[in-house]
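Next come the structures, one after another.
In what comes next, subunit A is part of two complexes: it sits with subunit B in the first one and with subunit C in the second one.
After this line comes the complex of A and B, so read on.
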């Protein structure tokens, strides 16, 4: 009996490792696809894969609430908004000839590599007080309780921030009349047409 | 059909997978016998992968294939056999770095916003991993991650509205053509 349960815990430990590497092997290529895909609409949809993979990582870390929130907010909500913005700003669905600016590729790759190595060294050099006790199964209850007691003030601030962001986004995206260059051009054309018509009438 | 660049890519992928497999089975240890700290093997293997990647790129392999293979190989070499917390932190550092690369090189403004979302998500992985392995009693990391989620949603809404306003005025979202504030 003891041997069996030991074996089961060992298997689950290795299972977690393999699942982690599986998810990582799926997520990282998706993330590169988001950056390097020539078709930007497809890049927007690849974002769903990245966020789904990250939500799977949250499930592996036993953060069920966050995994579901991640799926709902990121993989559905933000991706939808991003894809709609892509369609609004690129109405003819053109493919980029080069998705990245050529002059910045090499410096960015160098900086990225150095940053990654530096972050990794920093991670390794730190002794994280590793706590091997298992996460309590009712961690959603703990989250809800502390959000409404200890973190009540930040919670309220978050709601105010969301409200302000909502109003601000509507204000920014609203179509202001007589403000943009295209509108002014349109108006000038219209006035020109009207004046030409008037001249025509006068001639007649 | 079977062009030179794709054969270079295949060779690079094969060499990297061979290297990673050899590393995972411990065959590479005698190569770095001069050093006696475990993490240095990781760094040597990563440096080897990076040099091979640069070689493959110079020989004509496509950039995406080289970057994906190189980063995955380096990630496995760096995180294999480490504690779970360090594995998660390394993956998060990799995703953050990918976000930084995309943010600095992307031509399309919306793609820059997508890269920023990627970076925010990498930070979230960090916090949730900490709440699992360092602080399992009070899951404070998850609460921080919830706040980051909120701020990210607000940031996405405002950022995309700004991009729409810019597009309406400049008729483009090309990052290289936004030079209104340059002098």
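After this line comes the complex of A and C, so read on.
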């Protein structure tokens, strides 16, 4: 009987490497697409492929919970917010045909290279805690315990950060039309004008 | 109302039941036969043809692993056909009409004919639209619902050997993650159509899905928290009632406070409660049951909004947006959207059944349970055994599947009833209701359940 444990033994180290390259082969073109597509909304949709690929990598590392969270939050939630923001700010949905400014190219290349070197060195560095022991099947329980005991403080800080962002967004979005006297006067004038016009129309 | 109206409608209700019975028989006969063929018959034939061959064993096992996928693939198209027909006939019942009644005997084949018609229609790409995205959108809308449904198979078949593999430790979280993807398909289709109505439909769908996903997930999390597991098979099995009072039949479902009420009744009958305890304990048990019923209600409301059904079908509000995000679609792409919509309705109902209504457990102990179905299955299995074939069914799985289907369709009919009853929300009312009522309510319930379950 094909059981999960049997499958796990089947998926040897070798197979994992092959799968990794397969996922990379799918994900990297998506990432390039996000950068190179001139149609900015399509680039936004391509992000789904990138995030989906990353979630597949998490699955390969047997981090099921992270993979699902990645899919739910990044591949769907974040991408949708990005795409909708793009649609609202670029309502004509035209391709961006303006030529890129040459003065920006050199600093952009510099920052990109520096970032790449920093990430590369971080990946090569020691201290990733490589251990080959098998993960327990209920690692969700372990994640839960550590989030609420050892990492309780960062966890709480993350929630406070989100709360601040939420309150800030509400404050920015809240258009208080009637908070200043000038506004009220303006509106009164407008209504007066409109009513006069209406009277005129009625007379005619 | 004339005096002849009542018997006329009774007649129609009878026809509706007959139609449901026939179609459900077709659906589950086909699915059962396909699963049996792929999971039992073909592997056995391979093993008989090449005994003692390790390669044949591997092939047979690989085919066996495909059973859940084949089951779902056979199930989805036939099920959608039935559900569309049931919805049209059901709505006709509520509005005292006849509904589709021409194609085939009494309209039984209406949706089959519709499906064939849709498949042969021309695919039209809108002028100025993004063809690639336009084609991908229905697929992104449909595919996740297929994969998302698979873990539920293990829960509703009492963890049958063939379906064990699809049971994940992240269970319900996986289902939720998968069922959140289709919104992307709607937004994509709406944008790629190069049509204002479609775009507005897509944007509405995104706003709606994001706001209603929060109460929906909170309701499920609270229930998981009460049960102490994310594993769908675990959750379903924990609700299985027995015939002793401490976990009696349907009272043991999560819908009635995850066993709080039968536990209280048991303590009361045994006389273990004294004085004021009788009242306080009853109060807390009832409070927990009330919280659970509210959670189930929040889930069903959120699910209705997630899958764009009336009263939350703003993405395709035909009085304002022609047909919303699928205005430009025709032919098989439109059929896929349609298929996915009904499949999603079925899946959210199944999730509700697994989370709150006991999965495949019988509501009354001893009523149509594993033993009854085992006695039905025996003659079939004996006949097959004489022909040298593997057994067709076992009582445990049969009873699980029967009850899960029964409960799921009960919820589907409830959704049809809601569709026939409620008017459509306005978009601002919809967002107000989601953010200002449902989310606070679900947060309060999370807190309340945390404390009450300690007091019960």
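Basically, the second predicted complex is superposed on the first by the 127 of 204 C-alpha atoms of A that agree within 3 Å, B and C clash if a C-alpha of one lies under 4 Å from a C-alpha of the other, contacts with A are read in each partner's own complex, and residues count from 1 in each chain.
The definition used in the following text is that a contact is a pair of C-beta atoms (placed from the backbone, for glycine too) under 8 Å apart; a residue touches a chain by one contact, two chains touch by 3 or more.
Because the structure is predicted, anything quoted here is derived from the model rather than measured.
Asks: Looking at the overlay, does A:77 come into contact with subunit B only (first), subunit C only (second), both, or neither?
Replies: Once the two structures are laid over each other on A, A:77 reaches both partners.
Asks: Mind working out whether A:42 is in touch with subunit B, subunit C, both or neither, as first, second, both or neither?
Replies: second
Asks: Once the shared chain is lined up, is A:65 touching subunit B (first), subunit C (second), both, or neither of them?
Replies: Touch status of A:65: both partners.
Asks: Of the two partner chains, subunit B (first) and subunit C (second), which one does A:85 touch, if any: first, second, both, or neither?
Replies: first
Asks: Between subunit B and subunit C, point out the one touching more subunit A residues.
Replies: B
Asks: Determine, under the contact definition given at the top, whether A:190 touches first (subunit B), second (subunit C), both, or neither.
Replies: The answer is neither, since A:190 touches no partner chain.
Asks: Which partner does A:156 contact after superposing on A: first (subunit B), second (subunit C), both, neither?
Replies: A:156 contacts neither subunit B nor subunit C.
Asks: On subunit A, what residues does subunit B touch that subunit C touches as well?
Replies: On subunit A, the residues that contact subunit B in one structure and subunit C in the other are 65, 69, 77, 81, 139.
Asks: Show me the residue ranges of subunit A that touch subunit B in the complex, using the header's touch definition.
Replies: Going by the criterion above, the answer is residues 16-17, 20-21, 24-25, 27-29, 31-36, 40, 43-44, 47, 50-51, 54, 57-58, 61-63, 65-66, 69-70, 73-74, 77-78, 81-82, 85-86, 88-90, 96, 98-101, 104-105, 107-109, 111-113, 115-117, 119-120, 123-124, 128-131, 133-136, 139, 142-143, 146-147, 151, 154, 158, 161-162, 164-166, 168-173, 175, 180-182.
Asks: Please name which positions on subunit C make contact with subunit A in the complex.
Replies: By the definition above, subunit C touches subunit A via 61-62, 64-65, 130, 133, 161, 164-165, 168-170, 173-174, 176-178, 180-181, 183-184, 187-188, 191, 199, 203, 206-207, 209-210, 230.
Asks: Under the stated contact criterion, what part of subunit A meets subunit C in this complex?
Replies: On the subunit A side, the touching residues are 1-4, 7, 39, 41-42, 45, 48, 64-65, 68-69, 71-72, 75-77, 79-81, 83-84, 87, 93, 137-140.
Asks: For subunit B, which residues are in contact with subunit A within the complex?
Replies: 39, 43, 46, 50, 63-64, 67-68, 71-72, 74-76, 78, 83-91, 93-102, 104-111, 113-115, 117-118, 121, 124-125, 128-140, 142-143, 145-147, 149-158, 160-165, 167-169, 171, 173, 175-176
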